[in-house]
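In the two assemblies presented below, chain A is common to both, partnered first by chain B and then by chain C.
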Partner chain A sequence: MRYRKERLDRGIKVRCDDVFALSSYREILYLAMPRVLPVAILLLFPLLKGVVGLYWEKTLVVTCTVSLLALSWDLMASVGLISLGQALFFGAGAYLTGYLNYAFKLSPIVTIPLGTLGGALFSTLLLLPVLRLRGIYFAIVTLTLPLLLGRFIETTKILGGGEGMSGLSPLPNIWFELYVAVFALLVCLFSFRRLINEDYGLVLQGIRDNDRAVMSGAISIYRFKIQAVFIAGLAASFAGAFMTHYYQFVGMSAFAMDYSIVPLTAAVLGGPGTFAGSVIGAFILVPLSEALRGFGTLRVVFYSAILIICVVALPEGIFHYMRRKYHQFERLTEIG
Partner chain B sequence: MIASIIVYGLVSSAVLALTAMGFSLTFGISGVANFAYGAFYILSGFLVWVLLNYLKVPFVLAIVVTIGMVWVLGFVTYWVILLRVRGIALSEVIATFALGVGILELFRWLGLVTYEFTLPTFIKGVVVIAGVVVDYQRLFIIGIGLALVLFLYFFTHYTRIGLAFRGVAQNERTAISLGIRSDLTAALSLAFGSAMVSVAAITILPLGIISINTGYEVLLIAVAVGIVGGLESVPGILVASLILGYAQVITGTYLKPEWMAVVYLAAIVLVLSIKPSGLFGKFKELEERV
Partner chain C sequence: MEDRTILEVETVTKWFGGVAAIVNVSFSLQKGELLGVIGPNGSGKTTLVNLLTGFVKPNSGKIIYQRKDIAGQQPHKVAALGIARTFQMAKPFYQLSAFKNLIIPLYSPRVKKLRGGKYGDRDDVAIDLLEDVGFERDSSVPYKIASSLPHGYVKRLELARCLALRPDLLILDELFSGMSMAEVAGTLPIIEKLNVEGLSIIMVEHRLKELFRVAHRVMVLNFGAKVVEGSPSEVMASDAVKAAYLGSEDDA
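Presenting the complex of A and B:
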């Protein structure tokens, strides 16, 4: 007697999907919980400063920025643009913000939005000639761009050169830091999820799956790619702009490999294509790496190992797994 | 001045060609991405260093053993990691990239970053060519670079296995239907590409110290040369190396040496926006290839 596993939707999912009048609190909870619970935890966590300590609150800020980078990676991956260099956007946003504050003494309220917009615009313009490339070719170029830009700044000694710009204005207070990071993450997450389910997002996914077909539908794929890169760039540049004022410093490290590989690992670990997965991945990875701080650069080796294992053995990612368990149950059935 | 530019331009072109060749073989010719390329370069350097300094192996034997080990490593990388994700560009790139970063950062963590890590030159001494002092190692680089370019050309055009590489790159399904084992071919191409980067490392590294950042730089160089010259073309590599090499030396002489790295960026962006398939790329539009 041989058996195989069979997956079936849970009754409650079927009812919630088809019957639009929800008939019990259980069903309402079933639908609302996966969305409300993480949001509530995120919003409440900063209030627990006295309990968890300042250290972990600061970790929350870092986690949020990494999540933003992972989200922006995920949006670009949804258009079929595999980026190995989210640090490009991060660094562009960070340097522009830092420069505006350093040279013109503008307040963070002005520099962060300007840095976000300008950084995204600059990176999009820089990527414009290479957007015609697909797959591996695009990945190669994005890998090289942040490294070369970092080198360029070091060489030309513009924007502070190798030492960077320090002594930038701090953010008003800790609550501002925490809640701006959390709100940015939530807004970005839910707007991206909305975006990809609209008609617009459908075109983006179409470009990923078969760009020839989209072209033959008389849609300019370059226009959509440019727009998608700009939108993704906004999220990542904001992360850079925010971190500049958070650290009160911007330097070569803004273009470092870390800002490319950590979001990438987060997105792959959490499950690409869903956005929620990227955030889950970041919320696993960053606190873990804080806990492993004693290992120094060995942490990057851990990331790499996680990446290889995830790509080869668990390609679907954590989020897809969780969603399947939530909506479906498994049972053994006889074969034959 | 002019003589020194000509001679050192040739040397740096040979360095670029040597470095880029293995990447071009695996990626351009048989279509397998090996982003762990720079890591293999550094790994070869350290392998030779360990063999020489800890195991006291003769230099020639150390070189042969290292090249062999890296060849096997390339083969195993394909068979263990890449085979499972073949055809998914995203996964191929991420897996090899992670492998590369992992190896490099592991070395950094082990503390292999000091000035004691150098490889010996083949023959010590200098020679004067047209009033320019050149050491023998740089002549070796030119010679070995040239030899490898010729080898690569004849290998991919006149041997069964080289032709199989190109066949798989052009159309994998057709290649399979003609009896070419595409997985074995791809694994071999990764192995040969890795062995080539190992040769490059052993030849070039004696000029300086073995440093981790060189690993990332090597990947950059390989990509820049590949994109400028056209990824699947051997003459393309040669011409692109000459262009980039001389551009580097000229900027290094007349501007500051630090500007040399900027040359790559400019070259990549310029070539991609004007002729995306590279100077010698045979494919009309690079966008046709994934």
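Presenting the complex of A and C:
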């Protein structure tokens, strides 16, 4: 006798598919939980400073930053633009913010929005000529640009050169830091999810799946690609702008490869194309990396090993797996 | 007399490296006419479609559409002028449901303009369009994810994607390839109806029997050049056509 696995929707999932969902607390909870619970945890975590300690609160800020970069990567991937260089947006936002504060003594309330907009605009313009490239060709260009800009700043000694710009204005207090990071993440996550399910988002996905069919639908794919890169750039540039004031410093490290690779890994680990997956990925990778600090130099070994195991065991991405388990159960059925 | 010409192709030539894909091809199309294009494999039919729709730029020649030379224009601009095409290898947006596939052309500036500056409820329009190409309205088929559709539906979805643009000229690149007899029989009347309602159509096809039934005129390509052009019965009787398809006695 041979068996095969069969997946079936849970009863509660089926009941929740129509209006009866509103008939009982259980159903409402089933629908609302996956959204409400993470949001509640994120909003409450900063209040637990006395319990978890400042160190982990600071880790939350970094995690939110990486999440924003991962979301930004995921939006670009939704249009079929595979980026290996979110550091470009991050660095552009960071440097612009830093310079505005360093040279003109503007307050963070002004420099962060300006840095976000300007950084996204600058990076989009820089990528404009290569938006026609596809797949690996686009990826290579994005990989190179942040490295190029970093070296350019170092050798020309502009914007602080190799030393960077330090002594920038701090953010008002730790609450401000924590809640701005958390709110930025939530706003970005839910607006990207909304965007991709709108008709506008369908066009973006269409460009990823079959750009020729979109073109023959009388739609200029370049316009949409430019817009998508700019929107994605806003998220990543904000991360850079915010971190500049958080660290009160901006230097060549803003263009470091870490800001390109970690978000990409987070998105792939969490499940690309879902946005929630990118955030889950970041919330696993960054705290894990911190938790492994005790291992010293061996940290990277453990980190990489865990990463490989995750990707091999769950190639679909953690979010897809969790969603499936939440909505469906498996059972064995006889065949033959 | 009123000029009823919608498309005028003048001595268009396209080289791919050293290979001439289309050589000095000229033809014209009247409003409301259905022109068939046939030819053996590799005779340049799809290249011709690509030339007409901006996916390939000609090396020389003119493509006059509604009195404007559109040769070498970008595909989305050509489509915005009202030339819609199907692809021989129909590749729908697999991850979207059938009717959501149509949202993309419905989102175009052209459709917005035609609908008086408003996009309106695109979902309803999409379902109507699918009904026009034979998706049963009250069934689950229009809501099925595109990757799960049978081939015949995929091809008709491709047709609906074109109709979403409300085109003035429809170019079908082997719409019937891979369809079963029954699917072809179900699709042919849809094309006939569109044509009767006044839509100009260029139909590249391998299914000669069905094509000859609906075409007003047929053009035969071989090695990128126009061999014969005429009414279906003239073309069927032509020696040059037999030679192109079966090889002439000199070759044998």
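By definition in this document, the second predicted complex is superposed on the first by the 313 of 336 C-alpha atoms of A that agree within 3 Å, B and C clash if a C-alpha of one lies under 4 Å from a C-alpha of the other, contacts with A are read in each partner's own complex, and residues count from 1 in each chain.
The criterion applied here is as follows: a residue touches a chain if its C-beta (ideal position, glycine included) is under 8 Å from a C-beta of that chain, and two chains touch if they have at least 3 such contacts.
Bear in mind that the values here come from a model prediction, so they are computed numbers and not experimental data.
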item: Which superposed partner A:206 touches (first chain B, second chain C, both, neither); value: second
item: Which superposed partner A:220 touches (first chain B, second chain C, both, neither); value: second
item: Residues of chain A contacting chain B in one complex and chain C in the other; value: none
item: Chain A residues touching chain C - in the complex, by the definition given at the top; value: 199-200, 202-203, 205-206, 209-210, 212-221
item: Chain B contact footprint on chain A (complex, rising order); value: 77, 82, 84, 126, 129-130, 132-137, 139-141, 143-145, 147-149, 151-152, 154-156, 257, 261, 264-265, 268, 272, 295-298, 300-301, 303-305, 307-308, 311-312, 315
item: Chain A contact footprint on chain B (complex, rising order); value: 27, 33, 35, 81, 84-85, 89-95, 97-99, 101-102, 105-106, 108-109, 216, 219-220, 223-224, 227, 256, 258-259, 261-262, 264-265, 268-269, 272-273, 276, 285-287, 289-290
item: Chain C residues touching chain A - in the complex, by the definition given at the top; value: 53, 55, 74-76, 79-80, 84-85, 87, 91-96, 100, 103-111, 119, 122, 161-162, 164-165
